[in-house]
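Below is one structure. I have some questions about it.
We call the chains A, B, C, D and E, going by the order they appear; numbering starts again at 1 in every chain.
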């Protein structure tokens, strides 16, 4: 079973790299699907079956479909993105690399956490999650409805076509700085 | 006592009243009214002084008016000290002063600002009276500064001429330099004695050992003040320039009264000076050097008033030489006689100038003795007095000084006698060139009116017989003035000339003889000349140097004036506008530059923002990591 | 809690009204609801609520902040009808989104669980992303919205990473447990320090601390002025309330303090210096917001545990800052309309001649922002001074003083414009309601400055 | 109640002016009336002075931070109150002949600053002091910004920032020392004076406090705002700045440094003395060759302030009393001098001295007035300045002979530049400039001021007795220092 | 569920940490590297998912359901965010005919 972890890990990292590197948005999206699916695999490995299910449904089922939908809608499947200048890319990779390095260096110190002796295999099940959600985490659950409402209302408001003219102000409508 | 107090207050108050009347009424009063009021005030003052003097009992009276400055331990009263010294000076000031006031009525009546002139003259009298009457250094200092200001105002009375203004400022600033010493001396004495009252200080001074460094310092600083006011080396160049003022001013301020303030101050503090022999030596030699300096420069001056000015410098040097050898009475005596004959000289010179319509150059005079008889006679008497021909007043006073000096330092005596010969030379040169020979000018000479000549006559009388005030013992006199002053001047106690009568006679004979020979020599040079040769172009170096007044003015200009002006300009143009202000502005500009840069960092590029955000995270993580 | 529900329901109600195009009812309803919420909060003042499995806690701090935020929102709603006169569509949505966002603010001021912190921040932010782009036909608005969205999401990712690590270490999301864990852990626990730092990053982004401030000027400028006002005031208050709640439990370990000091210094420096050369008023206010964040962070820095007055200081500072900022933005809108939409600082010219009272109100608010005595801004800064000096951060404070000086400079430069005669005739149209809002803000700022005890608890 | 009245009268008058913007005559009348009222109150306080410090009002403000609305005055404060009370009617009066701008607004600004200045001099709480200290700046800021001369914006801002820098440093110090007081904290001066701060703290605290006052006075090298500001400012602004606001620095030194950080002050005495005396000499030298009349007076003011500051640090009764006394003298002098500068500017149209000269023929009355003022400026005895300078020299001498020499040299330099300026303005050949002589209104303005200088010069004790007690008290507290 | 226990026992927690950090960093790099806003959003999702994975791992190791609930909420929020983000993107596309991040350059300085 342990190899499964490394397999999934490899798949997710490679897929993530492809997301970043792919030149076409479609390819990126597909790589992201792969990556997310492999993460779902990790969830199963970690005995979070319910979460794995939700993950697949929400991400691959909803979010990614939405993204693909947008890609289609905006008609940019053919579009090939212009790369950024080399120096920018190097700097970006350097920064991310440094972040990784320093994080890894911190973990080398080790978390004071060993595998539990007794393991409750039930925590990942629907029942356990449900109990937690509706007892301990009831308030957040209810409050998240506000979040959804606002996201919904907002998205509707933005996405709806008003039919008004698009007025683009010139880049700099303010007068010159007299002090400059 | 009440009478003394009232009189003592009235004496300075009357001239002050005169200031107010003539000052406020300067538009409405006629020239004669203003002059009359001013003269009356001073004359009244003189009468009151005389009353005080006659009623004086030889004691020291303090007339306390009110507490002036009270801070902490310091209590400086506004008080007058009435003793024989101040009384004597009051008599001299108001006496000579009233004569000169009267004289000015005639001399200045044409000037449009005559009332202002009298107001300032009265103000001067007031200040001079405060100076001599003050019961402590600070009250004296009021007068001290006051006469300086009046001197400034009166020198620059004809303000339209820039040179006159310059002369006024020069006088004031040089006096101020002396005042630095005066102020510091006062601060020192206050710290040491806890009071500035003359009485208090003189009482306490006795407890100090002679040559105590503090006393030496105090006396030196006081003497610095005196050099400024009395035009001693090195602070003397202002006095000749001060002749820019109207002639009565020269007579009153720059000959008879103000310039003797330094001598008065030293005599006033004689106790201190007695305890500081080191200072006394300095005073002696400064006096001797000044006497010689004044006399040499006087030789080649062609401005009638300038000659007299240098003569004043020289005579003041004599007085200081006397003080330097503790001959206070001789000094004071010379102050008095000098006041008589020098005032007379100036007034007579003024009369001549008046007669010639403003001409001051002696090369353009000559042969006036026939035209201006009174002036000529009085001038002659004064000249005889100043050269020390017996029995004129100058002989007695100068002889006292010479004798005292000889007892102390024969070398100084020698120099002073030499200076006396020079004095005789330039004074008679002046006399001969002015009144003898033939007239070389263009104006129409005429004798001055009575209002001018009467004071001349009075002064001439005084100059002639003034010596009677202090006839020395060798002539059977009683040294009246000395005895009178001795009640007030404690330092005078130790003053006696340790010379035998024969030595004194010999000394008198020598100096008189030398002076007479010099006069004869001068007669041969100038007496019979009808025309005046031009100055030879190739004067020897020394002569040229002397004619240029030893280059002292040039030296000051080179050493002080020009560097100061340069400093003033460049402190501003370099230190101020190139360093201090730019530093402030620069800080602002740098900040603005930085602000501009920060503004541009906000590129609007979201990727860059992301990059910045993440770079921040990484940097902070690294810091956390490495500092753990 | 009831106020929370009230505002949520109110938002839904407003949305619902929007369906019926009852535009004129929206603001009154919102104001009524907000007033109700304030009353509800106020009645719960003395009763400490420890609510619902340790998710929220309504103590004095949170109630104070909640009332403050509701009050500022109320002021903004008062300004709303005038601001939205010309807009026909989506007005209800915007009111509702603001209310939703306010709910997030309430949560941030009262959370006791990291999950609620996360939800609070999201509820606060997501409506804002939309609101920033509410001027749908303006590219600037959209750009602001997108920038805010992108940067904000990344900041959230960092926040989440921090929460996850904390969870990994402490085994719980509860602040109490985490606090106990931090207290027990050594200061050299790198992962813990990283975790704390990640959370701080997420929060620092919201308050606009340097170097997480890049969004601030752009979004403030691009967003509709009303939204900018909301962002600069309510959102800032909420973010600092949340920040405080988190910092308060950490006990400020050295590693965190080190980071916080750097944040403070950088924020003070950039906020104040960059503002010097701003000519666009909204950007200027954005940098001013950053600069004030620097002072507020300095106050946070001194929070080393219970008994400190940091919470009260934060409330006073943010509330008075919000008052002044809100008033100035209203004034700005008036001036902007009078100048055909220009946004530079010069648009205030001629205000004193035309509307002296408003100009003086504006002056009071500028002076308050600058921290001149007798205004609330001064008292606020002084409190921060006292805190920082009391905690021994003398040098940091010294730097703060210098930066405060720069702050005074740029506020005064704009305040000056109020009194400069206009170059060309401008007509300032002021509705009574706007005048009321501005006056209320100015008077509030002065009143609180003269009598700071009004807000002591 | 008188204390509150002193603040409220000008404040209300200013508010009324701002609110109703009356016409010129009414505005001036109102302003003048209110300043005369405050003068009456100030004189009343002076008349009833018994030598005991007075606390008028004490009201809690924010107890937690030691803030307290506490007004009162000691003799030193009363001196300053008197100065403010006496000078402001004249400063307002300047506006009649030399109007600055819209009288309602200008006078309103001036009155606001007067109210704040009274507050500064009456505050008995450090925090309150600071508040008034800063508030006094705001109206002046607007005065300069809107009615200043060339480059007004840049110079005003520089001035403003510079002074604020000092102010904030002061605030910082106040916050620090307040926190050092025992609980409950108190920022009352009495509580702060009772503090015994450790030496190491006093060392730096001295400078953070001194910075504020050094800039305000100003003394070298914190003066770079001053000459340009004075030149640029309208006459009334310059008067307020130089005659009254600069004195806040002197007052603050005594109030803060000598009571709160005496050991720190003692430790830095020599340095302060050296920089202030150097600055005094430096300014005096610069003043000599200035072509700009106003700038010349500005530098002369700086020179005087340097001497005053040095005198304060002599640690003896003469220096401190002299310095405080001189604040009064200098205040009066500055109003006179700047008024004369303004008169000349009005007539000749420039401050350039080289454009003047020979005017005495045209304006003899003016010449007399100016000469009387010059007499005061060069500290002639029997004018006010002399007493102060004499005391200051005395104080300096008691401390160090060379410092005294440096100080006394100032009277020479002062004579040099003032007389030179007098000559350049008035003396010399008539240049046929068509100028009017000083008229009755100008006499009405200058004569009382000149009279004050003489009256107080002859009877200095009427001012000195105010400061005598407090200075002795200060000195007693010094003697207990290690 | 033996396999799960095995996985937890055999795979050290550190490995999960490393994996998550790796994914997080890749996501971050991608966000900076790419100009297509859609892909930037994808990278964001990547980062969020790495956090999710970390939480699940911690949850398993702690034997606490809280972590999984948190993940649940994160998913909800991510969904909401993406919804809004895409809506804004659509708006942008309407205004500028593109989704290049460099087009966002009106607001600066």
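We take it that contacts are C-beta pairs under 8 Å (C-beta built on N, C-alpha and C of every residue); 3 or more make two chains touch, one makes a residue touch a chain.
Predicted, not measured: the structure shown is a model, and the values here were computed from it.
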item: Chains touching both chain B and chain C, listed by label; value: A, D, E
item: Shared interface partners, meaning chains that touch chain B and chain E; value: A, C
item: Most contacted chain pair (by C-beta pair count); value: A-E
item: Centroid-based (C-alpha) most distant chain relative to chain E; value: B
item: Distance-maximising chain from chain A - centres being C-alpha averages; value: B
item: Chain with minimal offset from the mean of all protein Cα atoms; value: D
item: Chain C and chain E: spacing of chain centres that average the CA atoms, whole Å; value: 27
item: Separation of mean Cα positions, chain D and chain A [Å, integer]; value: 68
item: Contacts with 2+ other chains: residues of chain D; value: 161
item: Interface hub residues of chain A, defined as touching at least two other chains; value: 84, 88, 91-92, 95-96, 99, 103, 105-107, 111, 113, 136-137, 140, 144, 147, 151, 154-156, 158, 166, 168, 180
item: Overlap residues in chain C, where contacts from two or more other chains coincide; value: 115, 119, 122, 126, 129-130, 133, 136-137, 139-140, 146-147, 150, 154, 168, 190, 194, 217-218, 277
item: Pairs of chains, among all present, that meet the touch criterion; value: A-B, A-C, A-E, B-C, B-D, B-E, C-D, C-E
item: List of chain B residues in touch with chain E within their complex; value: 599-600, 602-607, 610-611, 614
item: Chain C residues within the chain D interface of the complex; value: 309, 356, 360, 367, 372-374, 378-379, 382-383, 385-386, 389-390, 394, 397-398, 401-402, 404-405, 408-409, 412-413, 416, 419, 452-453, 456
item: Residues of chain D that touch chain B when the two form their complex; value: 158, 161-162, 221, 223-225, 227-228, 282, 285-290, 316-318, 321-322, 358, 360-361, 371, 375, 380-382, 386-387, 390-391, 393-394, 396-398, 401, 404-405, 408-409, 411-412, 415-416, 419-420, 423, 426-430, 458-461, 464-465, 468, 471-472, 475
item: Chain A residues within the chain B interface of the complex; value: 84, 88, 91-92, 95-96, 98-99, 102-103, 105-106, 180
item: Contact footprint of chain C on chain B as seen in their complex; value: 591-592, 594-596, 598-599, 601-602, 604, 606, 608-610, 612-617, 620-621, 623-625, 627-628
